[in-house]
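Below, chain A partners chain B and then partners chain C, in two separate complexes.
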Partner chain A sequence: MRPLTEEETRALFEKLAKYIGENIQLLVDRPDGSYCFRLHKDRVYYVSERILKVATSIPGDKLVALGTCFGKFTKTQKFRLHVTALDYLAPYAKYKVWVKPGAEQSFLYGNHVLKSGLGRITENTAQYQGVVVYSMADVPLGFGVTAKSTQDCRKVDPMAIVVFHQADVGEYVRHEETLT
Partner chain B sequence: MAALCLEELLARAEQREAEPHRSVAVQKELELEFDLGNLLALDRNPPPSVPRAQRESRLRSLARDNTQLLVAQLWGLPAGRAEGATGPLVAQLPEPSYRLPREKPLPRPRPPTRWEQFARLKGIRRRKRTSLVWDEAAKQWRRRWGYERAGGDPARDWLIEVPAGADPHEDQFAKRLRDKREKVARNEFNRLRNIARGALPGRGLHPTGHQSRAELGRATQVARVSTASLGRFQPRLPKEPAAPPPRGGKKRHFQPLLGDLAAERSRQLELLRGLGSKKPPLDLTRAVNKQLREEDAQAAAGKGKKRGQRGKRGRQRPGGGKGPAGGKGKKGGAPRRRQQQRPAGRKRS
Partner chain C sequence: MGRKLDVLRKEKRGPGRKARKQKGAEVELAKFLPPATDNSGNKLSSHARKRAAKRRMGSGKTQARKNLLQLKKQTDEGRMDGTSAAAEQPSLQKGGKHRGPGEGASRHPQLGCSDSRSVSLTPAKRSQPAGDNEEERLEFSESEGDGDEDAWESMEDDESNEEMMDDYGASSSEEEELLPIEQAARKQKSGREGLSEDDSEEEEERVSGQSKEQEDEEDTDLQLNMEIDEQFVLPSGEEIERENILPSNPPDLHLIHQRIKDNVEVLQDFRVKREAGRARQEYLALLRQDLAAYYSYSDFLLKKLMELFPLPELVNFLESNEVPRPMTLRTNTLKTRRRDLAQALINRGVNLDPLGKWSKTGLVVYDSSVPIGATPEYLAGHYMLQGASSLLPVMALAPQENERILDMCCAPGGKTSYIAQLMKNTGVILANDSSAERLRSVVGNLHRLGVTNAVLSHCDGRQFPKVLGGFDRVLLDAPCSGTGVISKDPAVKTNKDERDVLRCAHLQKELILSAIDSVNAASETGGYIVYCTCSIMVEENEWVVDYALKKRNVRLVPTGLDFGKEGFTRFKDRRFHPSVKSTRRFYPHTHNMDGFFIAKLKKFSNAIPKMQKDEESTLETASPASAPEVAAEPQLKRKKLERLKVTTGQKKQQQPPSKGGSVQRHKRPSPQRLGARPPARKQHRVHRNGQ
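Here is the complex of A and B:
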């Protein structure tokens, strides 16, 4: 376990900024306590200082996880967000997509969101913008990347993909063994 | 005194007035030769003999006069305006007639081949042979070598006599083919050897003729570590700096796990500020989207108006049927139109 280097921090923040923009500041500088990012086995964890201090007493090879896993660094040093980061992305998300009740299950099974399943979308969303996907009851279901801008969404046919799937809460069941 | 001053002033003024005329018109004993294509003027007049002190100024004035003549010639050329009518005046130069000397040195003569050296040593002269010879069998003049050569092409013989003393089972056709190939290969080898002999010594070895100081330094650094022990036991050169060159990469160094969390936070906030400032001030896709949205809104507004008009016409017909009553019908029409437009506007918003 170690703090992130400068490049790693930059990669993490650039990825997070796609979803929550400048709201990363609120994650870094929290009024309710001291939180930080730590790297453990190529995974980035968002940990409070209290838990971090407790975790230092555990040997590195025995430590499975601590805090909240935000994602992992690939072997080529790119950062991948995991669905476990959803709890922190959802409240600060700048761009949101609401999915109709009929299309909820399809999205939770790992499929892209089609135009027919699109309930609402934040105005002014650009193409390839990171978005958080909500159900119509405002329950965060996962996140993805828009395939079309809000403008284009109005024109495309119902079977066109509107949001590319990236992660959804169904992974808690499907990928139970790899999520930490 | 005053009169003398006045005369002097007048003389000076006259001189000043005469000067420009003299400078434009230049007198020469021998006319200059011009080559306007090269912007060249040749002055064949003998140079003036003047004392050393005035030589520089006389040469300057001579150069100025000749330039004046050249420029006067240029003004006589056909001219036009560049870039349409507004551009600068451009003269059309004739083709250059004076042959300028060659820019590059003459190519070096090809070094003699090994055979040429040998032939010179032995005094062997090249004999000129005609290319055509009389072919007795075909009764016509044929080439000495090559296609349709005189006496038939030996490579196309359908029968070869086995030479005396040769192995009777040897394939003479294959042998001839092999010999030919060997001859071609040997000739090629000799050709390449002659080229290699002709090349300057050392030219093939050093791609850069003159190595700079930095290049030499790099070469010595590479040579130093190119031993079995990676240069560990390599003695230093007399003037080589004593400091060993750095080897390998920098060691990774991480911040402590539980160091100064506040400093880490401020570092990350600083990084975030940098990330924010990198964003371009104009988001092109957003701007385009905005434009599209405005166009959509305009189109929707136009459509709504059209629909309103159509609806009005449709609804006016019963009103028109009812309305020969005149003033009353007209009065009824205007408020109705307003009513029709209002719902359309509400729909738009």
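Here is the complex of A and C:
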């Protein structure tokens, strides 16, 4: 377990910024104690200092996870967000997409969001913007990137993809073993 | 002679009763008949049988015939009065010989009255046939056999007949209530009867021959029922042998079930209901064998359970292990409220209810139209599927905010997330499990439920005070034989033996000592250890706690749960500390949750009590040494464990380690494979995964 290098931090923050923009600031400077990012077995964990102190006394090979896992670095040193980061992305997300109840299930099975399933979308969302996907009951379901801007969404045909799927909470059941 | 009066009274009653009586009497008759008739080649009709019985009746028989003649005379007199009716039924006069006295008497009112009455018909009343009365007559003639015939005769003559007349006048008569077609059939039949006795017999035989099989079936049914009333007779060893030898026909479960019931009944009131000359042990042995066959348990486990429960409770326990516990879920209050969750689930077509007064977060699911483990609410972490019993240890632990808590055996994370929920994601939880594989599900669950204050490790629990200590509270959900969750994992029924239980118990003793050592007694808010297992064995529960009480500066405190059964303070030859009473046991049959054991300990000093010198020398080797030693020399420990296993395997009798000096006195066999330990963990996993 070690702190992130400069390079890794940049990769991580660039990725996060796609979803929550300048709200990253709120993740780092928190009123309820200091939080930090730690790298452990290629996974990035977001933990408070207090928990970190406990975790440091556990031998590295015995430590499995700590705090919240945000994602992992691939072998090519790119950062990939995991669905486990959703708890932190959802409250700070700048652009959101709501899916209709009928399309909920489809998204939770790992499919893209189609125009027909699109319930609502934040105004002025650009193309390829990271968005958090909500159900109509405001339950965060996952995240992805828009395939069309809000303007284009209006005139596109119902079967066209509007949000590319990246992660959804269905992965807790589907890929439990690869989450960390 | 109350019986005579009975006979008369019964004649007044409706045909429904009669019909029932007829059947019963038939069976009785079958019993009166000596077995000789059964052996005879040709089957007898019911009437033929009756006649045969009559023939065998001997002295009483002739008397009955005398009665019959007298009564017939009377009926003939009565018929003189009736003018037209007598002409209507000529066959009846002929057949009068076969008719019983009751029937003859019953005809009087009909003959006296006008034809207009014959309109009202109720076919249900049809069944007052001659045979019926004949039977009754037979009955009283049997009872009559002794000697006071004269008294009976006189009474019959002057009083009872009149009575009968009057009664039948009041109630509707029999003949007029027949449907026309029935009347016709009857005439035909009685006409034939009149021809000759032999003929009628043959006819009856022919008719009844067809329904013979059905009758036989009924007979067996009735006899089965009668067996219940009979006293339970212990089958001899040979009978059981025979059953065992014949594998071709599988054991009759119905029979075994009945035998279990009877046996339990006898055992409950043994002095009264026992069969003379049979020992209680024989009954118990049979019961155990039957239970093992019926519920497919291993002999060992049944023996253990029989020691644990009184007999009726044992059957309840075994029975409740056959049905699954209700599905329960716990609201994740970190993300939602119970009311909101319940509403959301109801909207999805789930039928649920609050779990009980004792839980503010639990819900019981009765049925669901959607898979309850894959709803968007589940995936969003609004609830956790969790047995009701696994909420209890956490409630007993009562974690406070900003504490440091250790969950020693955490997979699959249900209790851990409940702890986090009660702490509102503050403080630190160290969730440990010895298996990295099972920790994957913990990682998933904790992230799904939004638990952020947890650190997960996969150390061996026994190394704990060395890895990290000074916790405020420790939850030890120890690996166990899983005898409380048989409904989840029926494999436990057969795959556990003495060694498995003792191996678990040994591991648990090591773990509880490390758990106690990991707690900081000086903690302001805490200093508590909660020990729980999903086993109901005393070896894995009270014994372990009692051991911890002896070895460390801890005392038992009330668990804070207002239900559950008290732990045993004495069990067979073992005597535990009186405070073991404050532990709690939960059973599937009494609380409708998995079998569970919960003990809450308070550590009052960090010092490890030293054994006195002489005592220590005898105890040291047999009993697992204190935790620091465990940490320091795990290899040695393992060998010891191995030795314990082997020795206990040799001797059937288990021994408490505190006085188990003999364990070490045994010649130590060559140290066997050290790999014997993993199976214990594996078994643990099996039932924990089921949770």
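Here, the second predicted complex is superposed on the first by the 179 of 180 C-alpha atoms of A that agree within 3 Å, B and C clash if a C-alpha of one lies under 4 Å from a C-alpha of the other, contacts with A are read in each partner's own complex, and residues count from 1 in each chain.
The criterion applied here is as follows: contacts are C-beta pairs under 8 Å (C-beta built on N, C-alpha and C of every residue); 3 or more make two chains touch, one makes a residue touch a chain.
This structure is a prediction, so every number in the text was calculated from the model and none was measured.
Engineer: Taking chain A as the common reference, can chain B and chain C both be placed on it without clashing, or not? Answer clash or fit.
Structural biologist: fit
Engineer: Contacts for A:Glu104 in the overlay, against chain B (first) and chain C (second): which applies, first, second, both or neither?
Structural biologist: second
Engineer: Applying the touch criterion given at the start, work out whether A:Gly170 contacts chain B, chain C, both or neither, answering first, second, both or neither.
Structural biologist: second
Engineer: Using the superposed model, give me the angle at chain A's CA centre between the CA centres of chain B and chain C, as a multiple of 10 °.
Structural biologist: After fitting both complexes on chain A, the angle is 150 degrees.
Engineer: In the superposed arrangement, does A:Ser34 touch chain B (first), chain C (second), both or neither?
Structural biologist: Touch partner of A:Ser34: chain B, not chain C.
Engineer: Does the superposition put A:Thr74 against chain B (first), chain C (second), both, or neither?
Structural biologist: In the superposed model, A:Thr74 contacts neither chain B nor chain C.
Engineer: Quick one: is A:Ser116 in contact with chain B, with chain C, with both, or with neither? Answer first, second, both or neither.
Structural biologist: Touch partners of A:Ser116: none, neither chain B nor chain C.
Engineer: Identify the partner contact of A:Phe13: answer first if only chain B is touched, second if only chain C is, both if each is, neither if none is.
Structural biologist: It touches chain B, and chain C stays clear.
Engineer: Between chain B and chain C, once the two complexes are placed on the common chain, what is the minimum CA to CA distance in Å?
Structural biologist: When the complexes share the chain A frame, the smallest chain B-chain C C-alpha distance is 16 Å.
Engineer: Chain A residues touched by both chain B and chain C?
Structural biologist: Shared contact residues on chain A (touching chain B in one complex, chain C in the other): none at all.
Engineer: Spell out the residues on chain B that touch chain A in their complex, using ranges where they run on.
Structural biologist: Checking each residue of chain B against chain A gives 254-259, 261-262, 264-265, 268-269, 271-272, 275-276, 283, 285-286, 289-290, 292-293, 296.
Engineer: Across the complex, what residues on chain C touch chain A?
Structural biologist: Residues 344, 373-374, 376-377, 379-382, 404, 427-428, 430, 436, 439-444, 446-448, 450, 452-459, 467-468 of chain C touch chain A in their complex.
Engineer: Considering the complex alone, what residue numbers of chain A touch chain B?
Structural biologist: It is residues 1-3, 5-6, 9-10, 13-14, 17, 22, 24-25, 28-29, 34, 36-38, 49, 52-53, 56, 124, 126-127, 149-151 of chain A that touch chain B.
Engineer: Going by the contact rule set out above, which residues of chain A touch chain C in the complex?
Structural biologist: Listed in rising order, the residues are 47-48, 50-51, 54-55, 57-59, 62-69, 84, 87, 104-105, 108, 135, 137, 139-141, 169-170, 172-173, 176-177, 179-180.
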